[in-house]
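So that you can tell them apart, the chains are marked A, B, C, D and E in the order they are listed, and the count of residues begins at 1 in each.
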Amino acid sequence: MILTLAVIFPLSSAFVIPLLHLYGSRGLRLFLPIMGLGAFVLTLAAAASGFGDYALAFFGGWPARLGVVFVADGLSSVFLALAAFGCGASFLYFYEQMGTGPWRFYVIFFLLQASMNGVLLTGDLFNMFVFYEIFSLAAYLLVSYSLTWQAVEAGLKYLVMGTVGAFFILLGAAYAFIATKTLNMAALAASFPQMPKATLIVIAACMVVGFSLKAGAFPFHFWLPDAHSSAITAVSALLSGVVVKVSIYSLIRVSLLFFGDALPSVFDVITVLGVLSLLGGHLMASRQQDIKRLLAYSTVAQIGYIMIGVGMGTATGIAAAVFHSFNHMLMKSGLFITAGRLAEEIKTRNIQDMKGLYYHRRGMVLAFTVLAAAIVGVPPLNGFMSKWYLVVASVEKRSFLAALALVFGTVISASYYIRVLSVFYTPGEGFSEHESRRPVLAIAALFSACCVVLGLLPFFTPIWELFVEVGSKALNTKDYIAAVLLK
Amino acid sequence: MIKISYATAIFVFCIGLYTILSKRNLFKTVIGLTIMESGALMLIVTAGYVHGGVPPLIPMEGQAVNPLPHAFTLTAIVIGASDVALALALVIKVHRRYKTVDLDKIRGLKE
Amino acid sequence: MGLLLLCLGIGWWLWKGVAAMEDPEFIIGPAAYYIINTAEETGAANIVAAILFDYRGIDTLGEASVIYTTVCGVAMLFSKSKYKRSSAGLSFIARRGVSFLVPFLLLYGSTIILMGHMTPGGGFQGGAVFATVTILLCIVFGSSFEMSRIKPKTKETIESLGGLFFVFLGGVGLLAGAGFLANTAAGFPRGQVGNFLSAGAIPLLNIAVGMKVGAGLSTIFYSMVRVLELEFGEQMSEVEGNDKN
Amino acid sequence: MRAMAFGDPVSMVFVASATVLSLAVLLYNEWYFEGKERKTFRFLTVGCWIASLGALFAQDWLVFVIFVELVSLTLWRMIAFADPKAALIYLLAQLGAAGIMLIGVAGVSLETGSLAMGPVPPEWRWFLLFGLGIKTAFPGLHFWLPKAHGAAPTPASALLSGFAVKLGVYGIARLGTFASAPELLIIGSAMALFGVSMALMQHDAKRLLAYHTVSQLGYVVSALGVGTLLGVAGALYHSLAHALFKGLLFLSVGRLEKAYGTKDLRRFGGRAAWEMPYTFIVFIVGALAISGFPGMSGFVSKVLIKEALMEKGMYPAYWALQVASIGTVISFCKLGYYGFLSGSKEGEGRMAREGFVCFRDFSGLLGMVFLAAGTIFLGLGAGAATSFFGFSASGFFARSDVFSSLFIVFLGAGIFYLAKGFLASGFKGALTLEALLSEALQILASVRSALVKMHSGSLRFYLALAVFAALAILCYLAR
Amino acid sequence: MTAFFAFVCVFLALTALVASEAEEVLSAVISLSVFGVLMAMVFVILQAPDVALTQAVINSGLVTSFFLVAYSQTQKPNLLEQKQDIGDGQ
């Protein structure tokens, strides 16, 4: 019941907004926060329901084998929580900045949130493709929302590459359907090992290419820096923090369920993509002059970290990847919100012109520093802990290339983040002296506080065992198949 | 019969991919998207075809064709159509700024 | 030349993937169940409509919201353009001929929607026919005429109402405790297979989707065509001439 | 993860050295800095002290790596005051070292199931050794040390060579089992010789001291390599003594630098001995200690190390250390002579009065006197100190040890006196590691520019690359 | 039946090639709608009436009209300067 509502409530609020705008625009100012809050609470509820045991929701009363089924297990509940916080923060930021003027933005925002919950919950391959299409279209539109020529060009390039990626996923789903004549993921997972090897290869390649193209892994990442840097602040925080993670979730779900034992070499491909994105992202980020492009390339690199975790294919690997996705959402959304707000206030995005910003906007720059320290991997913060678990996972699989890449990535990311921070802290010419408005500071402060808390948590509470348990549950497909099909 | 349609579907998919890669005109890219999408559709529909099949309507005489891919293709066609509509809207906007639809001139956002 | 090789390489791998599978003699998987039980479980004669609106209803809701996103997006992209000038209509003969044809087109579209659960057709196809009707009006009579007949406000209302109607029908299933978009399980009358009032909620869902797709696609076309400017000079006078009669 | 517990004798030694040194540096800061800088440096020094205490009390490798990174962060902040670029290189080297140690620690936690500090299975020992090597500036990995010391303000470099480098030694001590580790011996003696030879070539006082840190650590590492209780005791004693007298030397050079505004030996005033008598006296104490003059802490620890080496019959290492200590004596005579005694043309004009007007001037000297007293106490009270380690080296002041170290000191002074002209100029060293490093950076820069050219903005190229990657994946999966 | 289907498939591939290789965008769009109609015919042969109807209406009907509108937008010499239209520098 909760799972269906988590998708249907934001969807229906997206349908309601035009009516409110046309016939009762006074009500819009009241309804929007309610809808935003409702979507946030319902997504968290769906996450909570799925954490302990499998939570199922059958559509139309049909059993899993016939109709579509929503499955919430440990893996999807962590990503649901991630989506809830990310969307909540961006919604708050945009609502505080623009109010209810651009009501069409909210329609697309709620559609994006609904379809994201749909992808994270669905247990059916074609249904995942449909929801995937919705949130991709919504993402293309949000990127080109500001209608500046950069945003429109970035939106078009994102659309063309994203659609090519979507067609590869459609092809993969089609091949899976041809071989087994069913599209329910559990039924597919059961019948994948008996499939001829040639088809298996095609499905694996299509799925990996499609999802890593959407996630922005290295050879396919070219749209990401343009899209994330030319979008408005709320959207780039949303894209980098949350939208990219949903593709990672689908990659994890598909590669674990289908290719866990049928085609283990898929995980080596994912690791190689991860290492490539890590090196490429950091190298490109180290020469950027525009702060938002720097953060966008840093996202490509962090996606590389996550894919290395996934590529290990072990319980600790998946746990490290999931933990790092959550951390990265906190860090990157916070960084984009603070950097974006600073860039908007001083009307320039060039790092060199931001000299001496610390002495004029102390709160925002402090939050930026904590978040940057976290993303580089300075010990007490959560970035370090997730990097530590990634190293443990890669050492467990004896893949030293990945471990050394992680270390190399830390070193390079330290070099360019410190370059930015040193510009902030050198005393420079006077900007207009004023502190950003309350809510934005609150969001930034909340995110940096979460970074510190999550960094220290693994020392005092068994939070890491929780994640390893999520990873191991995601790994054993037999349990998933039994839970979905037999009930 | 089924193998021929599979071959055509894959060939059409490759033509679409080739159009996107090789042509410099933005409209040709969007045309390539449509062609690629139609290739994928044809692949899904032929997945459900059974020799000597009959359309899946209740008063069926003989073995009916598998109706499941038809539902997916319906959805995929409409998804493709909305993709193309959005792509064309963005193409118009890009044309407004660059005054051209030549892809090699639309390189404002570099490294 | 290299690009051709790339694509053919992909094509060769795809062909190897497909060639490895033998042709099916009979239907396996859930489709076999659908073919046997659609008649008595959903009462719809058209199995594809039954799958679309009953067995896998959430897919269609997703589908409708894909169109809804595109419509809202395209309207957003063009909402800031200031130029609302009417596009030139066609000659008198074309106008008279089309005005004769439009009612039949509307009739055809509505039959596709309403008979969706018996004959091939349904919400999407019917909605698309309605959209072609509005496009026809827009081209033949000029966009200002079409705007006067069907205001963008009404189109948006129809679209949103369609979506809400769909979600409401689904909610009925949810309230009846049989899961979202439940058809006969939620108490919708199944009726006799083959006649008009049958197949529970499927015709209603068809209407909802028809409203949504029809209004949506015409809004897309309208917001794209609206900013079409006039050729300077000769066409200007011709437009005034047409509008008088 | 049982993280914190009171350390055993090994960590107590390092805790003592850390506390003494940071106290001295705190006092010295009062004099060295003015205004806002003083406040931040006070805060940074205390932070560095606390972080190193955390590292020394850590009972498990992960917490140790975390606190070591925090120490290098605070030191980076200190160095960044003077020269951000050198500070960045320092921090990147430390982060890389910590990363590689992390890999080793991950391996350890996998093999032994627990993260407890202690002997490490041989397979992962190399990772940890590599990481700790960067920290203790093994010969190949020391590229950051001279640059960091050259640029850092004096208190920072005192802290840096005082106990930041010592944490690496502490790690190696924790790492070592009681079996003799031949690789440590080789590395130790190589470090000793390399450090001294490079120091002789320097004409910048701080870089000279930096290379001496490398060579003194060579002593400690080779002592650890011996593997016997005596070896470990010698190593610990020497690292404690080294922390004190190296800190003392750095602070005194710092006073020279502040007074004469330059670090270059060739341009000192020449009459510093008369103008700054107290600094000169304290410098002499430090120089004698480092060259192992009997009665100083250096002497005791060197004797311990040499005895340990002789006991296990490792003659090549023994003779390497002997030669290194001769070199040390030569270079400190050079530092003393050019720094304090002989003048040079450019240095004439500057005059420096060492007035004691307010507590601030006084506190600068107080810190150094504090360290000098510590060195002397460690030297004379050797009997009490060694009992602390649980064994009694009775005949400590055996005549043979006294004579051999006296002989080394006078031999070194003699050689210096003869080759004074040759050493004065100090030519640029031969193969500096910086060339190698910039070579690696060159490759990185070319890879990066190739990447930048790839992001040409043309959509067709992006898609072509995506399809090519898809094809590559297909071929890989199908092999 | 198979021979007829093979003929349609060859014709289909030809129209796709024309749609991609034609110099003039208008002729490419027209051949795209022909391609859509042919695809509808293929779906009929493959016993999929629903899909054929949708394909006919949407791909050869609506998508072609969108293409034509978009194409006319870009060909129309801009009567007046379009600066405001793009809403630069939001």
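Everything that follows uses one rule, which is that a contact is a pair of C-beta atoms (placed from the backbone, for glycine too) under 8 Å apart; a residue touches a chain by one contact, two chains touch by 3 or more.
From a predicted model like this one, the values you see are computed outputs, not experimental measurements.
Under the contact definition, chain B and chain C share the contacting chains A, D, E.
Chain pairs A-B and A-C differ in how many C-beta pairs they share in contact, with the greater number at A-C. Averaging Cα coordinates per chain places chain A and chain C 32 Å apart. Look at where the CA atoms of chain B average out and do the same for chain E: the two points lie 10 Å apart. For the pair chain C and chain D, the distance between C-alpha centroids works out to 75 Å.
The centroid of the Cα atoms in chain A and the matching centroid in chain D are 44 Å apart. Within chain E, residues 49-50, 54, 58, 62, 66, 69-70, 73, 85-87 each touch two or more of the remaining chains. Among the residues of chain A, those in touch with two or more other chains are 126, 130, 133, 137, 140-141, 144, 147, 149, 152, 157, 160, 164, 171, 178, 181, 198, 201-202, 205, 225, 284. Touching two or more other chains at once are residues 3, 6-7, 10, 13-14, 18-19, 24, 27, 29-31, 34, 46, 48, 56, 59, 62-63, 66, 69-70, 73, 77, 80, 120, 122, 124, 217, 220, 224 of chain C.
Only residues 3, 6-7, 9-10, 13 of chain C touch chain D when the two sit together in their complex. Against chain A, the residues of chain B that register as touching in their complex are 13, 17, 20, 26, 29, 33, 36-37, 40, 43-44, 47, 66, 68-69, 72, 75-76, 79, 82-83, 86-87, 90-91, 93-94, 97-98, 106, 108-109, 111. Across the complex, chain A is touched by residues 1, 3, 62, 65-67, 69-70, 73, 80, 84, 88, 91-92, 95-96, 99-100, 102-103, 106-107, 109-110, 444, 447-448, 451-452, 455, 459, 462-463, 465-466, 468-470, 473-474, 476-478 of chain D. Looking at the complex, you find that chain D touches chain C at residues 464, 467-468, 470-471, 474, 478. Across the interface of their complex, chain B is touched by residues 3-4, 6-8, 10-11, 14-15, 18-19, 23-27, 29-31, 34-35, 38-39, 44-48, 51-52, 56, 59-60, 62-63, 66-67, 69-70, 73-74, 77-78, 119-120, 122, 124, 193-194, 213, 217, 220, 224 of chain C.
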